[in-house]
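Shared between the two complexes below is chain A, which pairs with chain B and chain C, respectively.
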Partner chain A sequence: MERVHRGVTNAVNTGAGRAARPARTRRNPFAGTGGALALALPMWLVFALFFLLPLAVTVIVSFWEFTQYSIEPAFILRNYADLFDGCLEDLPYLCTTLKTYLSTLKFCFLVWLTTLILGFTIAYFLAFHVRTLPMQVTLFLICTIPFWTSIVIRMIAWIPLLGRNGLVNQALIGMGVTDAPLEWLLYSDFSVILALTHLYALFMVVPIYNSMMRIDPALIEAAVDSGASGLQTLTNVIVPLAKPGIIIGSIFVVTIVMGDFLTIGIMGGQQIASVGKRIQTEIQYLQFPIAAANAVMLLVAVMLAISALLRMVDIRKEL
Partner chain B sequence: MSGENDVELVSVTKRYGSALAVDAIDVRIRGGQYCCLLGPSGCGKSSTLRMIAGHESISDGDILIGNRRINEDPPAKRGTAMMFQSYALFPHLDTVENVAFSLKMQGARKDERRSRAMEMLELVSMTDYADRKPDQLSGGQQQRVALARALMTRPSVLLLDEPLSALDPFLRGRMRAELRRIQRELGIIFIHVTHSQEEAMALADVAVVMKDGHIVQEGHPREIFNRPATAFVARFMGGHNVLELDGRTVTLRSDAIRLSRDAGSGQRRATIREVEYQGPQVHLNLATERGEEMAAILPERTYFADPFAPGDAVGVIWTQEDVHQVRP
Partner chain C sequence: MTTRRTFLKGATALGATSLAAPYVHAQEAVTLRYLSTAVNQSPAIAQKASEDLGINIEYIAVTTDDVARRVITQPNLFDLVDTEYFALPNLVPSGNLKGMDANRIDRADQIASVIREGTVDGQMVGTDGTAPFEVLYLEEETGQSFASDPSRWITLIPTTYNADTLGIRPDLIDGEVNSWAALLDPKFAGKTAILNIPSIGIMDAAMAIEATGEITYGDKGNMTREEIDFTIDKLIEAKRAGQFRAFWSNFNESVNLMASGEVVIQSMWSPAVTAVRTQGIACKYQPLKEGYRAWASGFGLPRTLDGRKEDAAYEFINWFLSGWAGAHLSKQGYYPAVLGTAKEYMEPYEWAYWYEGAEAEQDIMSPSGDLLEQAGAVRDGGSYEERMGSVACWNAVMDENQYMVRKWNEFIAA
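What follows is the complex of A and B.
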């Protein structure tokens, strides 16, 4: 009888929408810490097998010893020392490693900037200028069309456009903008940034759009009502409220671009250094320990960048 | 004679595509009045408010505030301020920053913004919550902050879009008194959209009853309640019986009806259908012999001196003075 009575009170509380205390009489088959862990186990297994284990192996191998013909388990710091060999002495001139990291960071920053500007603009247009939901969904799907083809094809498609005798150069010459073909269009910083932006802008669009869709349109009217100009509404209301989306998009883009070697390789005509490219080369020469050391350094760099981004927003609130 | 703070709508029309939301309405609200736009949902009251606010374009006609045509002015230049139904507080700003938002937009210094926002929070008794974010405030508190924010621009007209609909009945009563007090203190026009006739009767100096984009009746709530222009107004305001008498449509206030045990006496023979106890009064549903539905409201004490039960046959009595003819 007591049980029933309590059940009713709980139901009433829940009905009022104010139930702070959970219904105690309801039986949860997975109640208790053991049950909760059991439920989380499959995810843990996947996480451990495909993330923690490879990571641990990478870290361990980065301390191994290697020569031209052998790799021996050991615990030496030589790989890390080799990575930055001569870097301190050469200052203020940058050693190859630092140059490579700086170049990667430069691409990372520039691509972050271009995808952010492009992504924010597209998301803003979709969220605030397109009025009907079906139209929003349609335009949104159109944004995803490039993802129907592989990354490599999307990159190679730029080559006939940007090449010395490509469409862009021909058009520019035809219009009389320039009389000689522009050399910097392809196999240059420009083409790398262009391709990376093209490939990853959507990763910026999606989270920002998601954040913007949660903004109550009345907030914008309230801002206008308070005398805010369009720009003021943007900086004082929309950007702060879209910030979680901006940060999440930034994390996507930063992590992808930091580790990229394919795009920088192809669009840079194999002439531009990047950390990813270097790791790939080292692996090709079977120098696993130094490649692992390099990968750990890259991981540290990426994690520093992400923790800096996360400081700017409470990501748990958004998810 | 027009006052310099009057709000005037001259055949204001709003079309959404081919649908007519507001059909050439004319209204004049005098300075210092509390006006309620009243009507069922979809009657065009919100569109009218949003046109005055400048959040909706005017399809046709003119809106004048203080004899100045403001059709094309942006909201902030109209001297209006709007309080939104959902309150629309900026979730990333605390109470003070929300209230001071308009000052920030004008480029006021931070200490000045804060001191003026605190003054305004004083008016709505919210100074203790100055540093809270909106999600840490209750519905009633959020509303006070929204009110303070709207008043910050020193508007000559405050527009309120169903401001009390999200509150529980108890809080609603208190906020109602608060709104009335603040309106009296500031002496500015309040235009308040509501679908609750109770709210309009409690607050308005002038109520405008709308239906299907037209104004059906405007005037003091007492005038509207006692002399409804149409059967629709009588039904919407409540407390009225709408009857056909000698080919005329008339209304008869429910509290003007007396009931007699003698079913043969009075103008109608009826059966009690339902009895609802409402505290100060008792509400009875009647079905007359002719198939009309009627309602009678009896003072609690009168009723319980000789209570009826559902199924009792009664005579329904009223006097000729209480019969009020309306347009059907």
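What follows is the complex of A and C.
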């Protein structure tokens, strides 16, 4: 019984500590009218120069005219109209743009799911099953080893494994599992999801692990002592408390996959469309305005996805 | 109007003034910034030019499409560009290139007739697409439109050109392949590839579709919207039926697809076939009855080039046409602008193999000393006259390029 008590007291204490925090504020030497603004200014300048300005240019250019060798200031909606050309008339068949976005969203969802399952499991193992901190750090560093090489190399390394005459197919045929090589291992949705999961699982592991490390072990003990089963502890204690990490990891993965064209290109044998690849093709053909329009649409899509994620948890409060 | 160009101009000017070195009177070696694709940038040529002329060549390597993009958006960041003729209908109206004075090019009149007139041995070759002779001359030095007759102002001086066809893996294919239609033959379902570079990919597709007899194009290199629609519909049909294993967008991807056996027949570039072969894997650059898709690349000068840099550029180009570079490129399978001078720098047996379609009397080596072919081999497609004489079309940018790129994206998304 004593253990339960301690857990409860602990929880109460944490709550009290949080409530008491504002009282701790000391006199800030920079407080006053201009002080805080001056402190924020460098950050604002960087933000304005490297984020707001390029973004504004992209939005402006998306309304410009273009030919094959020039772009000219104008205010036309043709680029957006071209983007959605046939989208209404062709219904119920999907137009190119919708199809491309849908395919990109599909990869987003599937990769989110696989990285979440993988990331959560690995983080859980590191946080709760590995007992000593040095061991945790060691295992954690091992997780980062793939990040020592470039993204392209990590991706290309799959090709000799998965190819028609690759190691996996040779092994399967050697073991008598199949007679003919499995074609869908490479240049398919499967290989794209596999490579993306491999590339981005760590982005899920890190924030979830971080959240889990902050969970007070006493809470878990309290749950166990109150008679919760392992699954109940997981769903009622660990998952809710790890939620900020899950959401942050999800934001990383979703934004990266939405803009990815390299992995989808290489692992999909260039046969699978992605919004990023389309923008790249348009830029190569100097169709900057239409590429800009596409980029604006992609940005809107990503922001919608993120605002949906943020609705699930108040990150500001949790950090 | 503040375009990106003027902004960049301002930025470079600012950089130049603030970084200007103290004035030095001595004639230091001129450095020419040479913009082109990596394939055209041989370190040996830069080294030899530096030895012979005392001019430093600084390569800037980008992809085919990027070369054109840089000429349009960053014309101050190179001194010499090696770009494809088919990009000219976009580059010349931009006004960023200037005509080269034929009077300052020593061998302007010896440039291969296939480039100057579109003829081989007096016979006209196919001119679908952007044939070099159609875009070779300007009305005046700073002209922004092409001259219909030969003039003093040349747009590009050829560096390399060639005739492209399909590459095949003869060891993995039963029977003969003799038509572009093979690319769409269900026999090779799941084992073919084409390029994901829209302007070239659509030409290969057009060669294949026309070979099946379903359509005859007015001009494959300048399709109408209906022709583009038809071509893309056919491609989508083939893609849905699983005809293609992959699409490739750079040289190395095409080599890997072929060498690994993922693909047994695909559009390919000549040096890629050589690269597969040097791995000891059988690969053939198969001549086809419908002919070749040709391309040509050449030197152009940015409009802003002047003074010693301009002199050095002319000097380098004249040196390039004087034989050593031509021979060097010939031994990689390209054709140079001036054949006669290249011949002087090649062994007779090499010339016979590369140009006359003869059996190799000795082993054929690459310029870097790798074994390319053993004695007794014959070049795929035969002699210069047979290969360049069978050109059916040239790489091109269509008038309906914008529409074509949109439809191509549709094909990729299908």
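Just so we're on the same page, the second predicted complex is superposed on the first by the 289 of 319 C-alpha atoms of A that agree within 3 Å, B and C clash if a C-alpha of one lies under 4 Å from a C-alpha of the other, contacts with A are read in each partner's own complex, and residues count from 1 in each chain.
Simple rule for what comes next: a contact is a pair of C-beta atoms (placed from the backbone, for glycine too) under 8 Å apart; a residue touches a chain by one contact, two chains touch by 3 or more.
All values reported here derive from a predicted model rather than from experimental measurement.
Of the two partner chains placed around the shared chain by superposition, chain C is the only one that A:Lys277 touches, whereas chain B remains out of contact. Legend: residue contacts after superposition of the two complexes on their common chain; A:Arg164 is shown touching chain C, with no touch to chain B. Comparing chain C and chain B on the residues of chain A they touch gives the larger count to C. Applying the stated contact rule after C-alpha superposition, one finds that A:Pro54 touches neither chain B nor chain C.
Of the two partner chains placed by superposition, only chain B is touched by A:Gln232; chain C is not. Once chain A of one complex is fitted onto chain A of the other, the partner contacts of A:Gly35 are absent, as it touches neither chain B nor chain C.
In the overlay built on the shared chain, the residue A:Thr100 is in contact with chain C alone; chain B does not reach it. Looking at the shared chain after the overlay, A:Pro240 reaches chain B, while chain C stays out of its contact range. Legend: residue contacts after superposition of the two complexes on their common chain; A:Leu286 is shown touching chain C, with no touch to chain B.
The interface of chain A with chain B does not overlap its interface with chain C at any residue. Listing the residues of chain B that touch chain A in their complex gives 53-55, 74-76, 80-82, 84-86, 88-92, 101-102, 104-106, 149-150, 152-153.
On the side of chain A, the complex with chain C involves touching residues 68-73, 82, 85, 96, 99-100, 103, 159-160, 163-166, 183, 186-187, 265, 269-273, 277-278, 281-287. Partner chain B is touched in their complex by these residues of chain A: 216, 218-219, 221-229, 232, 236-237, 240-241. Within the complex formed with chain A, the residues of chain C that make contact are 1, 3-4, 63, 65-66, 68-69, 72-73, 89-91, 93-94, 190, 193, 196, 198-199, 239, 244-249, 256, 260-262, 397, 401-402, 405-406, 408-410, 412-414.
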